Amino acid sequence: MTIDFLSTGIALLTFFGISALMALSLNLEYGVAGIPNFGKALFVSVGAYTAALTYTYLLPLLAGKTPIYPCGANLTDALQLRTGIIREAMGIGLLNFLLTLVIAAVIGGLIGYLASYPALRLKEEWYLALVLLVGSEIVRILVRGYEPIICAHNGISGLSQPFVALGNPKLASFLFALVILALVALVFIFSERLIHSPYGRLLKAMRENERVAQSLGKRITRTRAQIMVIGSAIAAVSGVLFVVNLGFASANDYVVALTLDVWVMVVIGGIGNNRGALLGAFIITVLDRVTAIAAIQLDQIGFQLEFTYIRFILFGLIILLMLRYRPQGLLPEKPLTTEAHSLLKTQAQK
Amino acid sequence: MNLLTIDKLTAGYGKLTILHDLSLKVEKGQYLGILGPNGSGKSTLVKSIFGLTDIFSGSIKISGQELVGVATENICKRGLAYVPQRQNIFATMTVRDNLLLAVRHLRRPKAHRALQDAYALFPILAERQQQSAGLMSGGERQMLAIALAWLGKPQIMLLDEPSAGLSPLFVIEIFKLLRRLCESGITLVVVEQNARSLLRWCDYAYVLREGKLAFEGSSSQILADEETVKSYLGVGGTAFSQRIAE
Amino acid sequence: MSLLTLEHVTKSFGNLRAVHDVSLEIPKGKIIGLIGPNGSGKSTLLNVISALNPADSGRILFEGEEISKRSTDEIFGLGLVRSFQDPSLFFKMTVLDNSLLPVKQQQGEKPWRAPFHHLWRKQEAAAALESSRLLEQLLIRKHYDALASDLSGGQMKLLELGRSLMGNPKLLLLDEPTAGVAPKLAYTIFENIAQMRENLGLTFLIVEHRLEILFDFVDSLYVMHMGQVLTEGSPAEISANSAVREIYFGE
Amino acid sequence: MPTVLLIDSLVRSLQVGSLYALMALGLTLTLAVVKLPNFAHAELITLGAYVALVASFWGLNNLLAMLVLCFIVTAAVAVLSYKAVYKPLERRKPSIYTMILASFALGLILRYVLFLLVDRFDFFDKRIKIPLEIWYQSKTMILTNIFFWVVPTSLILIILLSLLLNYTNLGREMRALADNRALARVQGVQVERVYYFTWILAGGLAGVAGALWGIYTSINPLTGWLAILSVFAATVLGGMTSFVGTILGAYVVGLSENFVMQLLNHYLGLDFSFKPAIPFIIIILVLLFRPQGLTGFMDGFRTRAIRRQTNP
């Protein structure tokens, strides 16, 4: 009954970082711009599938080898090719990883742009929520049935993170966690700056009243598309990290439950507040880890109660209680501030 | 005898106060007009009676019983009926279903008789029974809306601009119909912008301006008084009012 | 010279002809009133001009250029700004943010520039100063940091007027700028409008029910009835017109 | 294509379509009357199936009694969920997303409580214990007693509900609320009371549908969740608020998932694993290109018919 606190801590940070990216992206889309993205799992999965493809084709090319079709009879060969290169050549692994992040962000952004099209046509807003929800399920079913991306329902394994080449698992996971946290910091600063700018003002105006924003000269369609591109790119990056941390891509990881997890984070933390999104991601990750560890521990002492079930029940209760007693979240949204606000403030003080 | 008494009513929507300290009364059997220019608070007044606005202070009493605070859905039980200006019918239901909804509290034979009475009073509805109410013309819709209110057997009916958007012929028909309803013993409160055509039919009228009572009097009094006409339009001592008085 | 010209503009909703064959001209530098009973199509006409409900047929010319096919945001860009009858502020945003939103060509409104302060800082500061001056004139400067929802009804209307001006307009279409405002403040609002015409050479088309104030400020009026323009003329002519009296008082 | 497959898929379309209709009618009721897209409807379906299952394991083998029991239990849970979850939330006048999220959360709770119980008592992927009898057999088709339970029961319930909606005061009140809430209140419709009846009907129908589902296929705690988006597809096809449209929509979804899928498989070689995508594609296409659903067509027919009557 021992718990490895170091590994647990690192795992916690890793999961927190990945969740935080998802929460930040949803917070930009829904919290700030008012777009109800109930298809988050889709945009996350884009990153995962991109990673599967780059690990299959780009990685061998970078290492000067011929890529192998990853499924069917070639399964083991392809797996060995991937893991071999990553173990031996850290430089190539890192390069591939970075390129994957970039490519995923681009593809994610592209798909976000496409997904903003329904938003124009749907008059009632919750229809958009339904379309995005259903869209993410369609993609999951298609990927699960179509072999070339992740070998259909078999999935693809061996998508290791680049630092495993160091040979020290703990160090590797620590470094990986650092990379993730650095990305979180980057995205956090980016979205904070985005909110506290005229662009943030535009997004919040769009959230509140599109018609009026339009008659004040704002191109709502373009703005919606922009924010969907940004949000989806971030989500795709989180998807790469998610799948690389797991080492395994399976379409069944990107279900509605994942979308809901991200919504819980934003709702708990505070809709429209980036710090809230981080806090929400942290709370949910801790809860998640604690219930997971507790499940294992309790199982060892012969206490059989499925903790995954308890986890979902807990999440459901948390959402309901938050919506009822603190709908603004733990850290409520604050008004945005730009140069203009400080200027008028100093003017007023004179 | 006063059927409806409104005492020092201040009401509006959210932060907006539209009626200021308004008091008026409606006597039993009266055909009362509420006149005033756009934005003077006429519609707000009838909506307030039906609990569809925010009431900040004051009281509304029917036969001595307080109405403020009573939920909208319970007000018709007190003998009041309301015909809103727009969206005053159930457009996706057939005409017959609209009417049946209004008589749902009655037992079957009585309901049937009430329906026949309605068809006698509003013959056009008999023809359109099976039609979806939303597909009727403006005048027919207005007839149905009035029939819906009338079928509740109210003591007092409140109508919000029943003539709005109707052709002149239909306007006359509606006012004639209302006169007949009044003669059958129903007290009527009609909000109108079209002052002269209403004043020809009603007994007494209140003129509102900017949420306050500007003038009251019998219809002949109001029609005869140029000052009132001025105040009706809301023109105070400006050039316009002088010109209009000439 | 005519700034805005409407030629035979028609707009229907299903069977309802909300605006029917309307032609009118708004000369530059004038304050024009648009009056008529409820439901006569005044607000719809403003929606048609600002392309929120594009016209079914007819031509709309602004500074001689056809704008009937333009989108709402493009029309704003040309200098044609409208306000709404119900307060249409962004209630969960501050007064200052409301006033800054319409500023044109904001560099900081592009997502690839927004994260870098130095790219838009100067422009923002200039806009802030202009807003500050305008809010001062409209007597709501001290509330700059309050949420728009915390203003009183009259202050909301003032802010809406101020917000329209921040878009650097040539022509303002105002839909009941004094609805729900106390009489004294209503007069102030119109005085502000007259002043802006004097100082900035702006043109106004104003839908208003408070005729007693409107008549003191407008150069001429259009009267609408059942979707059509019934007549036009100076306040004196309109008040003498028997047809106008008819639709307002009944025959 | 072999006739056996053809007929089999048609029979299944009819079966599934009827059940979808029952489920979707409840969903449309809450959507139209209460204005709530209730994703937790899925769990009411599952719950109904499990109530029937447990009852059958305890020796209850009268199907009618079983269905009544299911109706009562799920209706009670639906009413309770309105009282405990949705109603308190509604007082704050929340955004529609808040309500959607709440319904997801409630569904999550119900689903995993079921998971816990099912796990504990080992009720995974079980079928309701009803003796199977073959009532009709030919070379191409076998119809069992189950078919004769599922389809006629659903049809009877659909007809009963239509009668209720069209010819009773309660039904008219529901439609009035769906049409114009303010006017309905002015007309004295007791909103709360009608809401409760709506929840009873929606919940009860979901439960019965779940139970019927469970007699011809094995069930698990995800049964309702896996069906709910197909059910939404039926509602969307019906234009979200039309009851006739919803029934038609349900059969269209049932046909596309079975009959059309069979055709696609046979002629284009499309794998059956793509089947779950069909209702989703329907939802997206309808919402994007015909948000009024099938209703427009029907209104068109009715209007024309009435015109013919009135202006000969």
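Per-chain residue numbering starts at 1, and chain names A, B, C and D are given in the order in which the chains are listed.
Note that contacts are C-beta pairs under 8 Å (C-beta built on N, C-alpha and C of every residue); 3 or more make two chains touch, one makes a residue touch a chain.
Because the structure is a prediction, the values reported are computed rather than measured.
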item	value
Graph distance between chain A and chain B, where chains that touch are linked	2
Identity of the most central chain, Cα criterion	D
For chain B paired with chain C, centre-to-centre distance based on mean C-alpha positions, whole Å	32
Length of the line joining the C-alpha centres of chain C and chain D, rounded to whole Å	50
Chain centre separation in whole Å, for chain C relative to chain A (CA means)	44
Contacts with 2+ other chains: residues of chain A	none
Touch-based graph of the chains, sorted into line, ring, star, complete or other	ring
Inter-chain touch pairs (all)	A-C, A-D, B-C, B-D
List of chain A residues in touch with chain D within their complex	30, 36, 38, 118, 121-127, 129-131, 133-135, 137-138, 141-142, 144-145, 152-153, 260, 263, 267, 305-306, 309-310, 312-313, 315-317, 319-320, 323-324, 327
Residue ranges of chain A touching chain C (in the complex, touch as defined)	189-190, 193-194, 197-202, 204-205, 208-209, 211-220, 226-227, 230, 335-336, 338-341, 343-345, 347-348
Parts of chain B lying in touch with chain D, wherever the complex brings them together	50, 52, 71-77, 82, 84, 87-93, 97, 100-102, 104, 127-128, 130-132, 135, 148, 152
Residues of chain D defined as touching chain A within the complex	37, 85, 88-89, 92, 94, 96-98, 100-102, 104-109, 111-113, 115-116, 119, 229, 232, 236, 271, 273-274, 276-277, 280-281, 283-284, 287-288, 291
Residue ranges of chain D touching chain B (in the complex, touch as defined)	166, 169, 172-173, 175-176, 178-180, 182-191, 241, 299, 302-303, 306, 309-310
